[in-house]
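Letters are used for the chains, namely A, B, C and D, taken in the order the chains are written, and counting of residues starts over at 1 for each.
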Amino acid sequence: MKSPIPEYLERILLECRDLDGGTIPEGNSELAKADPDFFGVALSSVGGSIYTAGDVDDLFSIQSISKTLTYALALDDNGIEAMLRVVDTEPSGDSFNEISLEPETGRPRNALINAGALAVHAMVKADSVEHRVERIRALHCALAGRELSVDRAVHEAELAADDRNTGIAHLLKAVGVLGAEPADVVEGYAGQCSISVSCRDLATIASVMANGGISPTTGERLLDAATDRRVLATMATCGMYDGSGSWIFTVGIPAKSGVAGAIIGVLPGQVGVAVVSPRLNAHGNSVRGVAVFERLSRDLELHMMHVSSTGQSAIRAMHDREESYRVELQGDLRFAGAETVVARFTEGFPGRRMIEVDFRHVREVDEAARGLLNESLFRLREDGYEVDVIDPNALL
Amino acid sequence: MKSPIPEYLERILLECRDLDGGTIPEGNSELAKADPDFFGVALSSVGGSIYTAGDVDDLFSIQSISKTLTYALALDDNGIEAMLRVVDTEPSGDSFNEISLEPETGRPRNALINAGALAVHAMVKADSVEHRVERIRALHCALAGRELSVDRAVHEAELAADDRNTGIAHLLKAVGVLGAEPADVVEGYAGQCSISVSCRDLATIASVMANGGISPTTGERLLDAATDRRVLATMATCGMYDGSGSWIFTVGIPAKSGVAGAIIGVLPGQVGVAVVSPRLNAHGNSVRGVAVFERLSRDLELHMMHVSSTGQSAIRAMHDREESYRVELQGDLRFAGAETVVARFTEGFPGRRMIEVDFRHVREVDEAARGLLNESLFRLREDGYEVDVIDPNALL
Amino acid sequence: MKSPIPEYLERILLECRDLDGGTIPEGNSELAKADPDFFGVALSSVGGSIYTAGDVDDLFSIQSISKTLTYALALDDNGIEAMLRVVDTEPSGDSFNEISLEPETGRPRNALINAGALAVHAMVKADSVEHRVERIRALHCALAGRELSVDRAVHEAELAADDRNTGIAHLLKAVGVLGAEPADVVEGYAGQCSISVSCRDLATIASVMANGGISPTTGERLLDAATDRRVLATMATCGMYDGSGSWIFTVGIPAKSGVAGAIIGVLPGQVGVAVVSPRLNAHGNSVRGVAVFERLSRDLELHMMHVSSTGQSAIRAMHDREESYRVELQGDLRFAGAETVVARFTEGFPGRRMIEVDFRHVREVDEAARGLLNESLFRLREDGYEVDVIDPNALL
Amino acid sequence: MKSPIPEYLERILLECRDLDGGTIPEGNSELAKADPDFFGVALSSVGGSIYTAGDVDDLFSIQSISKTLTYALALDDNGIEAMLRVVDTEPSGDSFNEISLEPETGRPRNALINAGALAVHAMVKADSVEHRVERIRALHCALAGRELSVDRAVHEAELAADDRNTGIAHLLKAVGVLGAEPADVVEGYAGQCSISVSCRDLATIASVMANGGISPTTGERLLDAATDRRVLATMATCGMYDGSGSWIFTVGIPAKSGVAGAIIGVLPGQVGVAVVSPRLNAHGNSVRGVAVFERLSRDLELHMMHVSSTGQSAIRAMHDREESYRVELQGDLRFAGAETVVARFTEGFPGRRMIEVDFRHVREVDEAARGLLNESLFRLREDGYEVDVIDPNALL
């Protein structure tokens, strides 16, 4: 059987290809050369599948989409308290070219506007500008699962038109929230924005973020889970500039766009999506990219508030045998899933002495679920049960 | 075994009880009588369990928390297009007592500030003020699972100090976004805010919203799924006034607070939470309520970006029998879950003619998943397989 | 000889008559009936001359222009401290239909936006709504020099579309800056706005304000001098809504416009001007009215920063006679004029014993000049001079 | 006789000397060395008198007060249209350290905030940074009537802490409103701010501005009259940052303050005032300086809306002789003064053939008055009068 998903994506491209309007920005002489008809979409699931249509392997510069993983890197380097001192987490309500510093502290409103991204870039620990760009590039490579390079022509073109970022960087230094020299930050930030990616790369990166920081293909943890959540929370409330509220209301996918025409979307627990098409609307977002996201959200019911009831499926099966009672667990155990297990435990197992709790079908157990389950197993034992935990992967 | 969860909740109450600060607002003479030490927390899972600690059965007025279900009712009555004409969905970035109308259209910024809630109240279809309040009350009763009444003393006290709402209502009428007479809207909105609830009621209501609109206890659908998602999206971006961004960043639970000191939180797919304690901080949120939510989020890793990989558990089991191949599905099927099934189908079933697809362990299939699965079953048949769908609940 | 001024005004009307654009607002059903070609200009000097062209005797409602004299009345009734508690004196930077309350105190930004004018209206001391409107009408009559009436049809039409003002009044009450009941304030304010005036009346009123509060024709003081200055200061910084800064920069005449299409301008010490033409631009100001003011300012060099050097002309003549030395003073003596007199005194009068200081050509002496001159006359006498003050009008 | 004015100024200093509060800003290491007790006041009339008290001859850096004359220079260099393209003329409503660029054009709100002053500095025509500073310095020297130098230590200290200005300059370049290279503008602007002045110098400068651009001592025109008016209009609406409206309401003197603790005030037609005292309030204005201005305004009734009725004194005398009728004019003739002359002419001179109009006591005639008078003299002649104009200074 051929999967209908690629055909569906092809159909969307066809229907959105004729969208008029939008312009290719002229600020960067390299970006200005983009083919206005360049158009691709890629969808990568947390199960490791990837579906594509259109121009998904051609390279372009990542631009502002790099703000997301760089924020992740800086959060890991410095911790949340230190990061909150240099950048807030509130939507700015302003258009994409506003500066939006907090009146009292001078902090940029959030990490996804330019002012915030410059402050965040400066917080990435490094010995030099080159080292800082290199660390950022390396994180993008890890999530993309392949080597990515910095496009020197784009980098130079960025630096040739950097008055705005230079201005913001000096202002940030003046209010004491810039952790490096303005010129270094502007140069390094331009480097970060010049990482060359394909639409396929961006969908792959997004799928890792959708998967809680774990690569769907290798199973390797590439981002701290709490950091991933924080970056996604910021994308949810601040990702689409002054239209973030209506984006979440209508599209419902935490997202981030870049000036080269790409948009990534991350639906936690489900998929990472990337679209690229260079012509931008007045908000600075890809005209066709926005249309594709609206279609995907509506057709595939992708919405961050539309999640499975994770608590329902934590108990895979219960086998009441003569000598023992076996409870088979499954899935990713969060608080709500663990709660259904504990709720079962509290009912007791009348007439049974031995309880087997089987974790072999469980993929992951978070701290909250682990604490709750361990406490409950302890209590079961205190109640006199003999409890046998089958946990070959040491999840508890 | 005794569940450790109630003990955990008791411990949180104990630790947060000493929190100083905050004041009981004086605007409403009935609210002003509140016991400053009143304190309760309730947590209700999508599995139907409810855990409580403290004063969870005493009644108080629901106040602004009623904005959420009333928005749901108005969305259902009028559709999303008509509602967007009277209220936007953007965070206001303003404090709770700002008016925040859009400069050009006069629309309130969102449905969860007072201006928006008044406009929304007026959109609930009704023959009279009483009818409108009655419909709103009825929806709250349905989700709470018990009869709730409007507190007449609170209602009258509201109306005795209604200059602010009267002012806003007239301004909304002046700009053409108020669908009823100002005096009626103010009276009806005061009625909606005076619905008497307990902390337990609020947690129960929140659990229905967490469960996609379906009652965890009766399995009955009480809210349209898309409406529920939209209300939750608005709570995520606008629920906590000017601190909504940092609330989602740190706490990560879509929430709404009321001036009587309650806060509800809805973690989709997991739990509904309610806390009540009357003393409010400068943002108008319960001091101890905020503290409890921060604890719950941290201890139980409750965060809206921390969800299970729903795709993982869609295939419950595969049984390769001689005559047939059986694929057992489970859980709530969204796009990502269905995609894992389709991905399996595309691998084919070499040497097998008959495929059984078993939906008996599936709870719900959304439109996107249904379309994708039906298309795939059709293609399997085109490939020559005999496909037998076991779907006694007609989910497809 | 025929004065060239009326011909000049006719020429301006002719040149501005063809100006396209602008619309007659539809909010008030009576205003909506205005003839779009209605057009008049009147210019009244502090010397008591009045020049007119066009429709200067037809009546229309004064509307927002009444905010200026009502502010004067309220300042006199309550004093400046009490007034500053209910309304600030800062430009709002907002368009004419913004509400502009101070975030912390709820005070309207200034007395010339609607919110401020409502708060100001409520501060006019009165026993009833009718009494308050009557006192305001009476002040307008006094300055216009004739009986003016309240147009009942306009008043009723105002009250039929008063949602915006009702809204603002309730908000002001809610924050504690409204000194009367909202409904009374809205009714009374509508009454104040419905005073019927002609273009000639407005110019006459403006000429009194230009003349420091004294009628140029009767010489009677109609406004306290300090109050007049304060009202003019507010007109200078806040009179033309969000374009007040550029109005003062380019036109340079403190002004106030009304929704019926009139604009008054007051150039202190020189002239009062009024123009009326009903079609309004997007800022709510008369299209042709603005054009006429720009012409008048440019052609006649009317600009508030372009004033005579008042110090130059304080000494009208000095007559050195054998037996005495006579200093004849003239004009309105302010500090700078008095200073030139004092500077002359300090040079001494060698060989003279008797000094005559002649105030017969002086029109007015302000407190500062009086103090300075009295002190100097005292010192002259201490120096041994015999000083004879000729001051039949007891100006000192 | 000894003038009482210096004693009055001494008394004010004595009374304001004890004012607590305020801090010396730390940003510039040279300014930080200022003596907190340094205190002086100078008052210079348009008649050429100067009165002083306190430390009026010690030097300090002019700082932001230089924005006023530099704006004058740039207006003269480029014309008003070109200047309006790079800087608006609206009050910003923001505190002194806000950036306040117009959302759509990027123009700074006005020339007296830092962003505007940088844009204005760049518009001063010059071959080099040094040339630009030199031209600005030269204009200050001309108005001060003595040689002023740039303080190199202050200039270097400014440049050592210039991140804020560098930031703003780059932002201005990015939006296309900076007419020179950012680094040059920052260096030159720092130079302009470092001009060394005394309190006496500032009062002298202010008196030229009060005198319509003509030196009260030499009679030389140093500023174009229209330019002077525009700069004063901007000082009136934007001079005291976010408190400009209440400053004009209560003090009523167009003013500008500098970070070294000086404030200049210009009352057109009357006096220039300067006060210096280094400790600043939260708005960035000298604590004692503000207090002195409030005292001067109240005691001396100095308020820009409190001007003499210039029309009153235009006719100095009328001599009806047998053979002729002589009309002696006086003062500075503006429109309103000329109008009183014309009004006299329209009454006719029954029985007289020869009219003498004597301009020997007139100091200045503006364009508007000149046109009106010439037209009227022409008409008198047409009416058959023989008109003899005595105008040795060719004022007509």
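Just so it is clear, contacts are C-beta pairs under 8 Å (C-beta built on N, C-alpha and C of every residue); 3 or more make two chains touch, one makes a residue touch a chain.
Note that the coordinates shown come from a computational prediction; the quantities given were computed from them, not determined experimentally.
S.K.: Would you kindly count the fewest steps from subunit A to subunit C, each step being a jump to a chain that touches the current one?
M.R.: Minimum step count, subunit A to subunit C: 2.
S.K.: Decide which interface, A-B or A-D, involves more C-beta pairs in contact, and give its chain pair.
M.R.: A-B
S.K.: Find the geometric centre of each of subunit A and subunit D from their Cα atoms only, then give the gap between the two centres in Å, rounded to an integer.
M.R.: 57
S.K.: Taking each chain's centre as its mean C-alpha position, how far apart are subunit A and subunit B in Å?
M.R.: Centres of subunit A and subunit B (C-alpha means) sit 24 Å apart.
S.K.: Hunt down the residues of subunit D that sit against at least two other chains at once, touch-wise.
M.R.: none
S.K.: Of all possible chain pairs, which ones touch?
M.R.: Pairwise, the chains that meet the contact rule are A-B, A-D, B-C, C-D.
S.K.: Within their complex, state which residues of subunit C touch subunit B.
M.R.: The touching residues are 95, 98-99, 103, 163-164, 166-174, 182.
S.K.: Show me the residue ranges of subunit A that touch subunit B in the complex, using the header's touch definition.
M.R.: The contact residues of subunit A facing subunit B are 1-5, 45-47, 49, 88-93, 110, 211-212, 225, 228-230, 232-234, 236-238, 242-246, 248-250, 252, 254, 267-271, 299-313, 316, 330-332, 334-337, 339-340, 342-343, 345-346, 348, 363, 366-369, 372, 375-376, 379-380, 383.
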